[in-house]
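Down below are the structures I want you to see.
Below, subunit A partners subunit B and then partners subunit C, in two separate complexes.
Moving on to the complex of A and B:
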C-alpha cells in the first residue's frame, strides 16, 4: 500500500515537472491530488499540463473553500491513472483557459451563471444554465442566495434573446429544432445551418431542464441526497448514486463490505446493459429496421422487469446508500438473475447476428456521424463514443473503484468513430457485462451488505463509468451536511461531440447520429 | 428465382414474446373499448417533458415496445400538439421550459386533456420550491389527472389513461 502511494506521488511529480510546485501537492481522500496555486503560477501550469496531454475533466466553483478567499476554482485534470485538482483562489475573476482547453468553455459559463465569476479573455460570455427570463445579475449557487424562485422577467425583448452563432453565405439556411421535439424525447434546441441537404454547422442549446440539482443538495445530510443523486439522470440512477456514496464513504474513511460492492457492481452492469440495449433499439428504429429494434426492445423490457424483481424498482432506485446497499437481494432472485443472464446472452447474440448481416442497416450506420479522435481529449469525450473513436479509456480500468480492480473489464476499442463503431462497441460491452455479472454471481462473497456510515467532514472526488462514460462527482461535507455537491455526467462533455459529428452529414441522419451518441439531457442540465 | 423460393420456404423469423402479461392484455381490452366509445376509435397523445430526470420518458417510450405495443389499443403518440387529444407531461416545470410548455398546450385543439406523469409533474416532487422550477404541471395549465410514481411503471400509466377516459366519458 505504501509503495503504491509513493508511486502515485511520483506520477504526479512527473506530470508537474521538476518545478517547485510538485512539492506542494497533497493527497485527497480518494487518491486524487490537490495543488493550490496563485494567479502567476496558474497559466504556466495549465499550459504545461495541456502540453503533457492532460484532459480538463471538470471545473468546479465553490465558496469559502480556502481560508480568506471568497471563491475557489477547482480545475480537475486527468491523465491515465492520475487525477490532479488545481485550486485557484479568487475574489471574483480568473483567466479563461477555454482556448487552451476547450472543455473549459461550458464550465466557465456554468461558473459565471452560478457564482458570478468573470473569466478574462473568454470567447463565449453567453449565459448557459439560466435562460433569458432569469433576472440579470442573479447567481443562484452563491451561498447568500436562498433556494427560492426569483422574480422572473415577464417578457423578453428580441434583443435579449439568445444569440446563436450566425452562419451566412450563399444558400445557407437555418433549421431551428426544439426545445419540444417530435418524438418522446427530452427538450433541447438544435440550430442547424444547412446548405442544400448537408449540415454545415450545428449549435446545441441545452439546460431547458435546469432544475437546480446542486443547490438542492446543499445543507442536507448525505442520506437525503441519495434521492437527488438518483434524479440527476433516470437511466444512470445507480452510476450517479454510486459516485456520490463512494465520495461520502471515502471522506468518512470507511470500508464498504465486499458483498455490498459485488451487488452494487451487478446493479451497475445491469444498468449499463439496459442503457446500451435502449440505444441499440433506438438506432435500429431510426434506420427503419423494426425486426432488429424489437428484439432488443423486448430484452430491455425484461431487464427492467428483472431490475424490479431484484430491487423493487425498474430503475434500481433505492438500493445504493452510503455504507453499502439498503437491503440484501434474496438468493432465489440471484439464481433467477443467473438463468436470465444465460438466456439473454443467447438471444442477444441471435439478434446481433441478424442486425450485423443486414446490408441496409450497415449502409446507414457506416460511415455516418464520425467523431474524430482529435476532438476527444480537448472536449473530454468519454464512454462508448470515445472508445469507438480509438480512445483506450474506461474509468473502471483507469481509476478502479469498488471491486473493479479485481474484475478489470476489457476496454473495447474501435477506430472508425462512426455510428457502426458505436453500435459495435456497445454490443461487445453488453456481452462483457453479462459475463461479469455471471462471474460475480458465481463467487458472491457472504457477509453484511451495509455498515453504518457516519458522515465525516471533508471533500473527495469520485469518478465512475456510467453507461455513457465518465461521470464525475465532487463532494464537500461540512458540519455533517453537504456544503457542495458538483455533478458532471458524461453527457455534459459528450454533447459537444454531436456538433462535430454531424458536419457534412444530411439532416435526416441527425436523429441516428444523436441516438448513437446516447446523450442525457437531464444529466447535462441538472 | 432461387431467392424467392427460399424466402417462401424458410422458417419465418417470428417469435412469441416470452411471458405474455395477461393483466396488460385485459387492461388493453378495456382501453380499446373506452377509446372506441369516448374518442371515436383513436386517442392521440403528445408527450411533453418539462424537466424530468428522463425515467418517466423511458417508461412512456416503453409503452410502444412489443410487450405493451399500445397502438393495438388505439393509442398513438403524435409528433405535434396540433394533432393531440392528450398531453402527457413529465417532470417539474422549469423556468427554462415554462414558455415552451405553455405554447405546446395552447397549440392543442380543444377539447384537450392533460395528464401529469410522475411525482415531479404531479406537484414538483423533490424539486418543489427550488429556484429553478415553478412546481408541478398545474402551475402552467390545468391538469385533468395525476399519475404519481418515481417513475410510474408502464402498467400504472395505462391504468391512469383508462381512468382519464372513464372520467371523460362520464362528463361528455
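Moving on to the complex of A and C:
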C-alpha cells in the first residue's frame, strides 16, 4: 500500500514537472491529488498539463472552500491512473483556459451563470444554463441566493435573444429544430446551417428544463441526497448513485462490504446492458429497420422486468445507498438472473447476426457520423463514443472503483469512429457485461450488504463509468450536510461531439448520428 | 356514354374508396407480425379516418389558400386517376379515359399541390419534405415514363383499359417480360407511395420525413383527405400491378356473378400483394437519401430491356 501511494505521488510529480509546485500536492480521500496554485502559477501549469496530454474533465466552482477566498475553482485533470485537482482561489475572475482546453468552454459558462465568475479572454461570453428570460445578475448557485423561482423577464427584446453562430454564404439557410420535437423526446434545440441537405454547421442548445439539482442537494444530509442523485438521469441512476455513495463512503473512510460491491456491480452492468440495448434498438428504428430493432427492444424490456424482480424498480432505483445497498437480493432471484443471462446472451447473438448481415443497415451505419480521434481529448469525449473512435479509455480500468480492480473489463476499441463502430462497441460491451454478471454470480461473496455509514466532513472526487461514459461527482460535506454536490455526466461533454460528427453529413442522417451517440438531456440539464 | 360505363364510374370510385384503407392496414399488420408484435386491427385506418373527419381543422396563420385547396385537389386528382385503373371490371373506354400518360400526370398534379402545401405553412420540415419529394419525383419521372413506355410496347396501346382487356383475354400466367415489368412497377409503387426504402411512413423523426413532412401541418378532415388520397394512390398502383401481371378474374362483361367473383379475387390478390409489400419493407432499412437513384435505376434498366426486346424480337 505504501509503495503504491508513493508511486501515485511520483506520477503526479512527473506530470507536474515543476519541482516547486509538487511540494504542495496533497492527496484527497479517493486517491485524487489536490494542488493549490496562485494566479501567476496557474496558466503555465495548465499549459504544461495540456502539453502532457492531460484532459480537463471537470471545472467546479465552490464558495468558501479555501480560507480567505470567496470562490475556489477546481480544475480536474485526468490522465490514465492520475486525477489531479488544481485549485485556484479567486475573488471574482479567473483567466479563461477554453482556448487551451476546449472542454472548459461550457464549464466556464456554467460557473459564470452559477456564481458570477468572469473568465478573462474567453471566446464565448453567452449564458449557458440561464436562458434569456432569467433576470440579469442572477447567480443561483451562490450561497446567499435562496432556492426559490426567480422573477422571470416578461418579454425578451430581439437584441437580447441568444445569438447562434452565424454561417453565411450563397444558398446557406438555417433549420431550427426543437426544443419541441415531433416524437416524445426531451427538449433541446438544434440549429443547423445547411446547403441543400448537407450540414455545414450545427449548434446545440440545451438547458430548457434546468432543475437546479446542485442547489437542491445543498444543506441536506447524504441519505436524502441519494434520491436526488438517482434523479440526475433516469437510465443511469445506478451509475450516478454509485458515484455519489462512493464519494460519501470515501469521505467517511469506511469499508463497504464485498457483497454490497458485487451486487452494486451487477446492477451497474444490468443498467449498462439496458441502456446499450435501447440505443441499438433506437439506431435501427432511425434507419427504418424495425425488424432488427424489435429484437433488441424485446430483450431490453425483459432486462427491465428482471430489474424489477431484483430491485423492485425497472430502473433499479432505491437500491444503492451510502454504506452498501438497501436490501439483499434473494438467492432465488439471483438464480433466475443467472438463467436469464445465459438465455439473453444466446438470443442477443442471434439478433446481432441478423442486423449485422443486413446490407442496407450496414450501408446506413458506415461511414456515417464520424467522430474524429483528434477531438476526443480536447472535448473530453468518453464512453462507447470515444472507444469507437480509437480511445483506450474506461473509468473501470483507468480508475477502478469498487471491485472492478479484481474484475477488469476488456476495453473494446475500434478505430473508424462511425455509427457502425459505436454500434459494434456497444454489442461487445453488452456481451462483456453479461459475462461479468455471470462471473460475479458464480463467486458471490457472503456477508452483510450494508454497514452503517456515518457521514463525516470532507470532500472527495468520484468517477464511474456509466453506460454513456465517464460520470464525475465531486462532493463536499460540511457540518454533516452536503455543502456542494457537483455532477458532470458523460453527456455534458459528449454533446459537443455531435456538432463535429454531423459536419458534411446530410440532414436525414442526423437522428441516426444523434442516437448512436446516446446523449442524455437530463444528465446535461441538472 | 353507355350504361356500363356509367355504372363503372360510380362503382369503381365507391369500391376504391371503400377498400383503400384496408390495404394500408394490412401492410401495417404484416410489418407488426414480422417484428413479433400483434399490431393494430386491420380496420384501424378506417377508424383513424373517421376520427380525423370529426376533428377540427387548424390552419397556420402563415398559410394561404394553397393549404385549404390542396386536400381537395389531391383527393380529386387521385380519384380521377383511380378511374383510369379499373379494379375488377373493364368497360369500353369512353373519351380519353385510361390514357397512361394522363394517369401519370394526374398523380403528378396531386404531388405538386402536396409539395406546395408543404411549403405554404412556412415550417422548416414542410419545406424539407417538399424539397425532397420534388428531388425524388424529378428523378423517378423519367423512370416512370420508361416503365410506362415498356407497357405501351408490350400491349401496343396507350390505354390502360386496352392493356387490362388484353391481359385479361390472355389470362395465362405472366410471361417473363411481364415479370420484369412487374419488378419495375413494384419499385414505382414503393417510390410513389413513400415506403421503405425510400421513405418511412411510420417515422416520428421530423428531419428524415419526406411524405409525412409535407402533411405535417395538415389537420382534421384535411389530413383525413390527404391520408385517404395516399391510400387510394396505393390501391390504384397495386391494381395496375395486379391486373397486368395476374389478371385472372378480371372481367370485361357486366354481370353480377362475374363481378362478384372478380371482386373477391381482387381483394385476395391485393391482400397478398400488401403482405409482400409489408415483408419487403421489413426486410431492409431505409436507403441513404442520395443512394435512392440506384433503386430507380433498377426499374429503368428492366424497362429499357423490355423495350429493346419488344422492338427487336
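The working rule: the second predicted complex is superposed on the first by the 525 of 526 C-alpha atoms of A that agree within 3 Å, B and C clash if a C-alpha of one lies under 4 Å from a C-alpha of the other, contacts with A are read in each partner's own complex, and residues count from 1 in each chain.
Here, a contact is a pair of C-beta atoms (placed from the backbone, for glycine too) under 8 Å apart; a residue touches a chain by one contact, two chains touch by 3 or more.
The shown structure was predicted, so the numbers you read here are calculated from the model rather than taken from an experiment.
Once the two complexes are overlaid on the shared chain, A:112 sits clear of subunit B and of subunit C alike.
By the touch criterion defined above, A:377 lies against neither subunit B nor subunit C after alignment on the C-alpha atoms of chain A. In the superposition on chain A, A:291 makes contact with both subunit B and subunit C.
In the overlay built on the shared chain, the residue A:175 is in contact with subunit C alone; subunit B does not reach it. In the superposition on chain A, A:276 makes contact with neither subunit B nor subunit C.
Once the two complexes are overlaid on the shared chain, A:511 sits against subunit C while remaining clear of subunit B. For subunit A, the partner touching the most residues, choosing from subunit B and subunit C, is B. By the touch criterion defined above, A:183 reaches both subunit B and subunit C. Shared-chain residue A:210: touches subunit B; no touch with subunit C. In the superposition on chain A, the residues of subunit A contacting both subunit B and subunit C are 182-184, 291, 294, 298.
Interface residues of subunit A facing subunit B in the complex, by the touch rule stated above, are 130-131, 133-134, 140, 145, 147-150, 152, 179-180, 182-187, 207-212, 215-216, 227-228, 230-235, 237, 278, 281, 291, 294, 297-298, 300-302, 304, 308, 314-315, 317, 354, 520-523, 525. In the complex of the two chains, the subunit C residues touching subunit A come out as 31, 34-37, 124-125, 128, 131-132, 196-197, 200, 202-208, 216, 282-291. Residue ranges of subunit A in contact with subunit C, taken from their complex: 175-177, 181-184, 196-197, 284, 286-294, 298, 358, 360-361, 363-364, 506-511. Contacts from subunit B toward subunit A in the complex involve residues 13, 17-19, 47-62, 65-67, 77, 79-81, 91-92, 94-100, 103-104, 126-127, 129-134, 150-151, 153.
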